[in-house]
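Starting off with a structure, shown below.
Chains: A, B and C, in written order; residue numbering restarts at 1 for each.
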Amino acid sequence: MIVVSSNSNFDVSKIPRPNKSLKRNWTIGLLIAFAFLVYSARNTGFNFNTVADGLPDFFRLIRQMYPPKWATFPSLIEPFIETIQIAIVGTFIGAVIAIPVSLLAANTVNKNNKLYLVSKFIMNLIRTVPRILYAAVFVAAVGIGPFPGVIALIFFSLAIVAKLTSESLEAIDTGPIEAIETSGANKLEVILYSVVPQIAPSYISYSLYVFEVNIRTSTVLGLVGAGGIGQTLMTSLNLFMYQRAATIIVATFALVIIIDLVSTKLRERLI
Amino acid sequence: MRPESNVRKRDKFIRWSAFILSVIVLIWATLGVNINFGELIAGISSIVNIFGLMFPPDMSYLSNTLVRMMESVTIALLGTAIGSVLAVPVAFIAAQNLFASSFVSWLGRQILNAIRTFPSLILAVFFVASFGPGQLAGLLAVGIHSTGMLGKLYTDVIEDIDTGPISAMEASGANKLEVLWYAVFPQILPEFIATSIYRFEINMRASTVLGLVGAGGIGVILSQALNYRRWPVVGIALIVIVIGVTIVDYSSAYLRKKIV
Amino acid sequence: MSVLEYKNLSVTYPGGVEALKNVSFEIEKGEFIVVVGLSGAGKSTLLRATNRLVDATGGEVLFNNQDITKVNKRELRDIRSDIGMIFQSFNLIKRSSVFRNVMAGRASHLPTWRNLLGIYPEHDKDIVFNSLDRVNILEKAFARADELSGGQQQRVGIARALAQEPQVMLADEPVASLDPPTSHMVMKDLQNINRELGITVIVNLHFIDLAKEYGERIIGLNNGELVFDGPAEATDKETFEMIYGRSITAEEEIGRDSSVI
């Protein structure tokens, strides 16, 4: 029962079709990517056999970690505290330095184009380097301990808070700025009276967010020697004290969850 | 006394106590970390010093560095691919709007949460211990970590889909497979791909670091150079990393815009 | 033989809401029926009970004398493939082409492997193009669905339902999101389908002037009960006020625009 056919005097080939070459380009690109994947899989030795070979060792490792040695928990409190302290100090100093940097990198505040571009460039540059690399370099430079960790976090916090704040600054209402500028105030007064009130809640929110991230980072920094619980973990693993390592991992998990909750609550009340 | 000023007073009190509390916490933290101002300045100046020692970078290591950088790219690429593939079934299980059983979806979410607790660096340490040093350990670490991260994001995508087209397909008499194919996949596939590309960006940064614990890539060069304090080599490695990561960032942003 | 028959149909939702109470009436092949009533009166529920997107909690729904409330999954799919549906929010697959959207309506008539591989016989492709031509949107066949205007998208929706070659077409508030001239165009398309192809059409509307203009038979629901069943000529403002249980507001008349055909 052909219910639908009407007078079919239309020419199907006249209907506009989408760009064929676009589809072809995508298909070619995908094929190349796939070929590259297969090639690199070969190269890295990623195939069923190698994975199957190592799996028993992996599971043996996991078994050695169970059950976690809860008794070691008290000895972990001090490194945990150090981790938190590293995060606090690093975030604070980084956030403070971020204030002038973010002002420089916002074209609504900084009218000097060259300076603006340079600041933006440096900010992006700092962000490109992975933070653990900073920690590793600083450890080699000033020795192991919490100090290089703090400095690595300073760089990281500075870069992120400055970027987020400068983006907010570029989106603020420029009306009040112009109003106060025309009233004859100097640059500093302009910033204080028209910019700061608008940006303060966002700035604090970004800083808290970075603090949250830094707690996580701080736990890992120790793996390269930058202090905190990460260093304790590395030592435990190196000494094959796997059950202690398991305790550390679980406790770290709990810590991160708690800090996440607290920080989210704080940020909610702010905004 | 007007009632408003009581509220204002309470607000002011909260703000002041929060401020003072923060200052106390800050001082406590600084003391704990054992940094006094003098040390801070000394440390910063030695770091600045070292940045100076990194340049001019040691160009003789350029080819070596590039090869290792490609290794890191490979690790990131394969790891992201593995994660993208593995995350799909887990995400379908964990999504609350597909399977009737809420226990099953709860279980799926917990598995994802468990995987996500481990930063890729720690996974790398374990995999190096199990599979030996090299790229294999690195890509497995990135792969497993990505499964967790992508799984959560994929689950969000699945839960956010528009159910209208699904109703329409069901109303026309299509079977379950056809409903999925016509109404669900076109919605989720571009999102999945865009999410994976963004993940690749992040994984790129992580892969450069994995070599520090022996899991292959440019981190291996860095690790040795740092050990022997050969700063010009560190310099060239950092430059290659910055350039590589930047290229990946821009390509990733471009591709993602094209897809969504 | 009537194509659809509702026998004491009742639908009570899990929360306790009685959306339909003991609704009974018959529909002959080829009728053009408009269902009117306030929001929440049960219009949408009635339509969705007809293709079992919503399950009846009491009574029967007979499609060509077969009780759809009792059939198994496969039989239900067969029945659904004979009933087309269009929706207020169009429910198109946004990123897919118009062609693919309409072909998706044909999916139930094709074996699954053809659907998955996208290999469609010429006969079915012809049906798709014919459906698009019938609603005058053939030239957009390969455009992406979300590039179209609201009125165009609804016409694609109609084409999709048409591609099923259905006996019955259900339209759940098809014009509620459209402006007046476009609404008239869509209603004319439905009228056209009904008159030229003999498809039975059931439309939910809350615009009473559209109901009077295009409906042949009006079904009025109030609070889940059938309160009016008669030819459109027999209705006037009082009829609708009785159906609604209150006086008519301006929102219930769509009016016309000068650009209408």
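Quick note on the criterion: a residue touches a chain if its C-beta (ideal position, glycine included) is under 8 Å from a C-beta of that chain, and two chains touch if they have at least 3 such contacts.
All values derive from a computational prediction rather than experimental measurement.
*Asks:* Write out the two chains that share the greatest number of C-beta pairs in contact.
*Replies:* A-B
*Asks:* Counting only C-alpha atoms to place each centre, which chain is farthest from chain B?
*Replies:* When every chain centre is compared against chain B, the largest gap points to C.
*Asks:* Between chain A and chain B, tell me the centre distance in angstrom, where each centre is the average of that chain's C-alpha atoms.
*Replies:* Using C-alpha averages as centres, the distance is 7 Å.
*Asks:* Quick one: report the Å distance separating chain A from chain C, using the average Cα coordinate of each chain.
*Replies:* One centre to the other, that is 51 Å.
*Asks:* Where the centres are mean C-alpha positions, what is the separation of chain B from chain C, in Å?
*Replies:* Each chain reduced to its C-alpha mean, chain B and chain C end up 48 Å apart.
*Asks:* Which of the residues in chain C come into contact with chain B in the complex?
*Replies:* For chain C paired with chain B, touching residues are 51, 53, 76-85, 87, 89-96, 100, 104-105, 107-108, 112, 115-116, 157, 160-161, 164, 170.
*Asks:* Help me check something: in the complex, which residues belonging to chain A touch chain B?
*Replies:* Counting only chain A, the residues touching chain B are 36-37, 40-41, 43-46, 50-51, 53-55, 57-58, 61, 81-82, 84-86, 88-89, 92, 125, 128-130, 132-133, 136-142, 146-148, 150-151, 216, 219-220, 223-224, 233-234, 237, 249, 252-253, 256.
*Asks:* Give the list of chain B residues in touch with chain A in this complex.
*Replies:* 25-26, 28-30, 32-35, 39, 43-44, 46-47, 50, 71, 74-75, 77-78, 81, 117-119, 121-122, 125-127, 129-132, 134-136, 139-140, 205-206, 208-209, 212-213, 216, 222-223, 226-227, 229, 234, 238, 241-242, 245-246, 249
*Asks:* Which residues, counting only chain B, touch chain C once they are in their complex?
*Replies:* Residue list for chain B touching chain C: 162, 164-165, 167-175, 177-178, 181-183, 186-187, 190.
*Asks:* For the complex, which residues does chain A have touching chain C?
*Replies:* Residues 1-6, 8, 10, 12, 15-18 of chain A touch chain C in their complex.
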